[in-house]
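Okay, got some structures for you below.
Next come two complexes, and both contain chain A; in the first it sits with chain B, in the second with chain C.
Moving on to the complex of A and B:
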């Protein structure tokens, strides 16, 4: 990659328990000109009938991204910084393999344009040394972008985890989820 | 006559609300703005810093302002979308005159101003000066708040000026003045960082002040325990260490019971009480019978949880208590506030690092707007309009004989009542939409229909302004320079990003021109906002809210100055009471005995359910602005009736069913949202919507005897299930309901 100021010492952290469901992240994400008013981050109630708890899902930028592996058109690539980019519009054939394959349910097929879209960690901002938009505006700290040491110092009761077990499958990601201190992985099944 | 000049549908077609969305690729020029303007969000008392992107005199986008110390770039959805209120198809571009049968017709400024002035003169000549009233609002800057106060007293010559702060923080203001002699949050939010216990009372922080959530979590990361008092499990209550789901209207019973336990277990700071307070004995005596079983009966909170809260608060070395409208919107609003302050004083935890107390001001300039004189009993600097010394000071600054300043007038809701009685016959409003925001609003509408003349200054034609005879196209937050004071007491700069579009004028220009035409031009010779601020500084000098040492330049340099700031070399006062020198006449903090009494309206066999109201994260106040921003409307399109499954089952209500809610004042239909996150004896409806979707058709106009705040937070209701879902079209058009 050329012409980049990506901060390799800064990482993305998601703490779902802090999500207040305000959707500032979705609205800020949709404002990005490359997203064309479509948010690449998604907030949902877990079960509104029993709790106001919401959860936020952003692309986890897997070390070995399933979306890229199943793409028959080689439209999805991971760069040297570990960012898994949204589908190359010239290549994407809109087969939705990636949508089905992603363990986190991140890629969306946009029906109007017949193209897959997903988060590229605000490449326009991060490549210019800025933080991703969602993590900049998040009012509660559910989304945070910065140095791992700073995170450890700020939130001593939590540990960042980036290993996930989906049944027999292990997925490692660039994005971290904050778990209770001492956790090492999140078992989803 | 101020009845609607056309059908509501005709008026909505012409003036909105219409939902504004940006073009898919954003507004042209967003990537190459002419200017990037550092200013603040207009949508709550946090006043988050934000950058507005300007192209060709239009706001075309936003960028986080990460250097501003309070929010460091953080925003809520309202902040992200606030730029869309500019560049909006509903924006009023010129003055309007009512046209019977068709709505409004465009007129020139001279005609509009002449008509307003001649009506003021006619009504005042016939019925006296106070027959013309004015209603203002605290989304206005400090400069405009000050200007409105001076305009009403010296140009309009009426005593009947009040403001929508009357629906916001007057209970807190009155309580703070009684206890501390001064009305401001005692601490900045930096003092949350190492508070051992944080108690937030009647404040849905995560939806009404979302960026404050960060500060609370920061404290929790440092080990703070969080107590949340709220009838609903709000998002902030969900993760709290202790959630006390108080029965609406019983707040002072809870705080009285907590004080009872502090006394019983001697969790008191005797030295502080002895040296720096008065009134403790009588206050302790007032709660001597408020034991746990009594408190459980009154508040509906299990006794063990009340005891846990008392112990957490009692044993802490540092603490921060925050409250908001949840305890203030009551006929006992002031008593509720005082009962909270008593807990702070009993433990002596104020005026020290990480020992804090404050109300969280709701409106954009809820703090500054309540200090500088557009309130019926107040002069600038938070002075008392009936105090001879205060009057003399302001008369000197204004260059008028003291008797020329009118005396205390009626409060906002009393003005509505006076219109019904025929005592007030003409009205001018700015920054206030009472048909949505005042309680029992069918009664309010009837008042507006009785007015002989009504002029509205606004940037959109809000639901109330539809009744106007003359509409003067004013300015948005981003169209004028000025200052506001945040909920922390930090005075910050609002920067003009664009000029008003079309023939619209700034609010300031409109008020100055009206003053000139009313013959008071010599008292209103301001050339810009900074000159108004300079006069405000002098007018506030020596008052409790002393801004004398604050200048635009100083604000620019320091990103905000905390008042009081009495001299130019004074650094400002982030934390009050460090010197233990309280602003009361005797220099002590005052305990105030609070005996519990019931809310103004209690449930009975006829009206058996408690109704409470509040806000949602995507809307602001009466929705004049936020019901015009597409994504904010879509996020929560219509008010829903939150109801517990037990109560729903009792009435056979299914999720999504329409329910007609009736109170002694009116009835309205809302779809049920069945959730376990509310007390089983209580229903909740958010209030931002107009017409048939307005929760304030139901609420009570009963007022706190001291603060005159209406009791929005509790009344008695009936439920009538309609057994069918709402038509889809009603949901889609709720933002513009008729």
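Moving on to the complex of A and C:
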């Protein structure tokens, strides 16, 4: 965290509709050294009984992260680059407030070690100017990390959106979700 | 600076400091048993106490912390005191004394942390009472080879000078220093070789505490080394260096990484909270149709998030927080699919 080479001109883009459920991202995520070989990404069947639809979820790195605000131990912090870091292992008291408060359902509680863990955008890689592991292996483009202009060329009929409505709550994030062209937000309710 | 001063915490810390000062006066029998050579350590310790209470009170004022603090005590005295008390004793041993959860994070990491933690606990148990004048030693009357230990001015026990017990009493801080140095070696190895840690650690947050503890332990051992093997020739240097690093440690304790020593017992309050939650109704996710948390936790979280300025109330009056993490991810995926469908194309 001392000498970061984070590429501020590159962003994370997620398109859940492109997820094919191959779980390559899960395998890659477990390679991230900050996670201790535990995968932080979520790949789910949305409703397996009626649809083969899968979805992929990374931490969206909220501008005002609910996980950090509800943490009673001040264990979760957001840095100057907007990365919301995983819980500080010395402080986390494994109460699971963050797990239950995150509107995207991202943090994981590891019961055995009594710690909350979450995606920190592969800080070991991104702080060295590299792309997150999941984005390097995704074969379908559901996860992509790079320049906004390049994304616009690749997906001319989509718009990156980073505003979400969860009922009455507006959440803005560092990570973008790819929406139909012209969209300004995604309403989840 | 004064705009961020927390007046309530200031008041609580001032009262706690006065209480400690009173306890030092009473415990040392009006400073009769106080060792004047430790005056700098005394001021450092009193300031550390002030800072710790101040920060602790500020911490307790945060809505989620306040809620757990309130709920923890409320449940403890709710009529299930025996059951909760036993759970606390068990968890206190497992989590605080044996630190089993750290063992599951790694064997060497656990060994290093145990050595540092217990080395510090032993050192604290010896040095603070000595500094406050609560413990002192005298030569037994009419003898030249028997020491008496006094606690709060009361004679506790006596022991011969050339005995096993005397050697251990006089060298207990050396043993704790050795424990801390070995533990620091293990932890520093992790800090220098674990690529994940290297990426996220900071000098002031993770390396400096290890250096500070090492400086205290090494200069502490140096004091013994000096009088045992150097005829006291370096005493002044050793004593002053040791005092400087210890006082730095004391002044920094409320603000840096060492605050987790005082924060960590909150884990026991969480254990009571979870125990109580497990006995009551469980929250069932409308998406997965499975219980995923206690309803108590979800209801408290709704109140806490509201207090923090969030409003996750949905159009139908329910709350987004009533969904399990998996349910929330599914809700997002469904909303995204619906938006794509409305646009007439699933991809773009």
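Observations on the structure shown:
Operating definition for what follows: the second predicted complex is superposed on the first by the 188 of 189 C-alpha atoms of A that agree within 3 Å, B and C clash if a C-alpha of one lies under 4 Å from a C-alpha of the other, contacts with A are read in each partner's own complex, and residues count from 1 in each chain.
Going forward, a contact is a pair of C-beta atoms (placed from the backbone, for glycine too) under 8 Å apart; a residue touches a chain by one contact, two chains touch by 3 or more.
For clarity, every value in this text was computed on a predicted model and none was experimentally measured.
For the composite obtained by overlaying on chain A, chain B and chain C can both be accommodated side by side without a clash.
Set against each other, chain B and chain C touch different numbers of residues in chain A, with C touching more. By the touch criterion stated above, A:154 is placed in contact with chain B alone, chain C being left untouched. Of the two partner chains placed by superposition, only chain B is touched by A:28; chain C is not.
Of the two partner chains placed by the overlay, only chain B lies in contact with A:139; chain C stays clear of it. In the superposed pair of complexes, A:36 makes contact with chain B and with chain C alike. Legend: residue contacts after superposition of the two complexes on their common chain; A:18 is shown touching both chain B and chain C. In the overlay built on the shared chain, the residue A:52 is in contact with chain B alone; chain C does not reach it.
The gap separating chain B from chain C in the superposed three-chain model is 6 Å, by closest C-alpha atoms. For the contact definition in use here, the residues of chain A common to its chain B contact set and its chain C contact set are 17-18, 33, 36, 53, 155-157. By the touch criterion given at the top, residues 1-2, 15-18, 32-36, 42, 44, 46-47, 53, 55, 57, 66, 69-74, 85, 89-91, 93-97, 99-107, 112-115, 120, 123-124, 127-128, 155-158, 164, 166-169, 177-181, 183, 186-189 of chain A touch chain C in their complex. Those residues of chain C that touch chain A in the complex are listed here as 59, 62, 64-65, 67-68, 95, 101-102, 104-105, 194-196, 198-203, 257, 260, 263-264, 266-267, 270, 273, 293, 297-298, 301, 304-305, 308, 310-315, 319-321, 323-337, 339-340, 342-343, 345-348. Within the complex formed with chain B, the chain A residues making contact are 17-18, 20-24, 26-28, 30-31, 33, 36-37, 48-54, 131, 133, 136-141, 154-157. Of all residues in chain B, those touching chain A in their complex are 21-22, 24-26, 30-31, 61-62, 64, 66, 71, 73-77, 79-81, 206-207, 210-211, 213-214, 217-218, 221, 233-236, 238-239, 617-618, 631, 635, 645, 655, 673-677.
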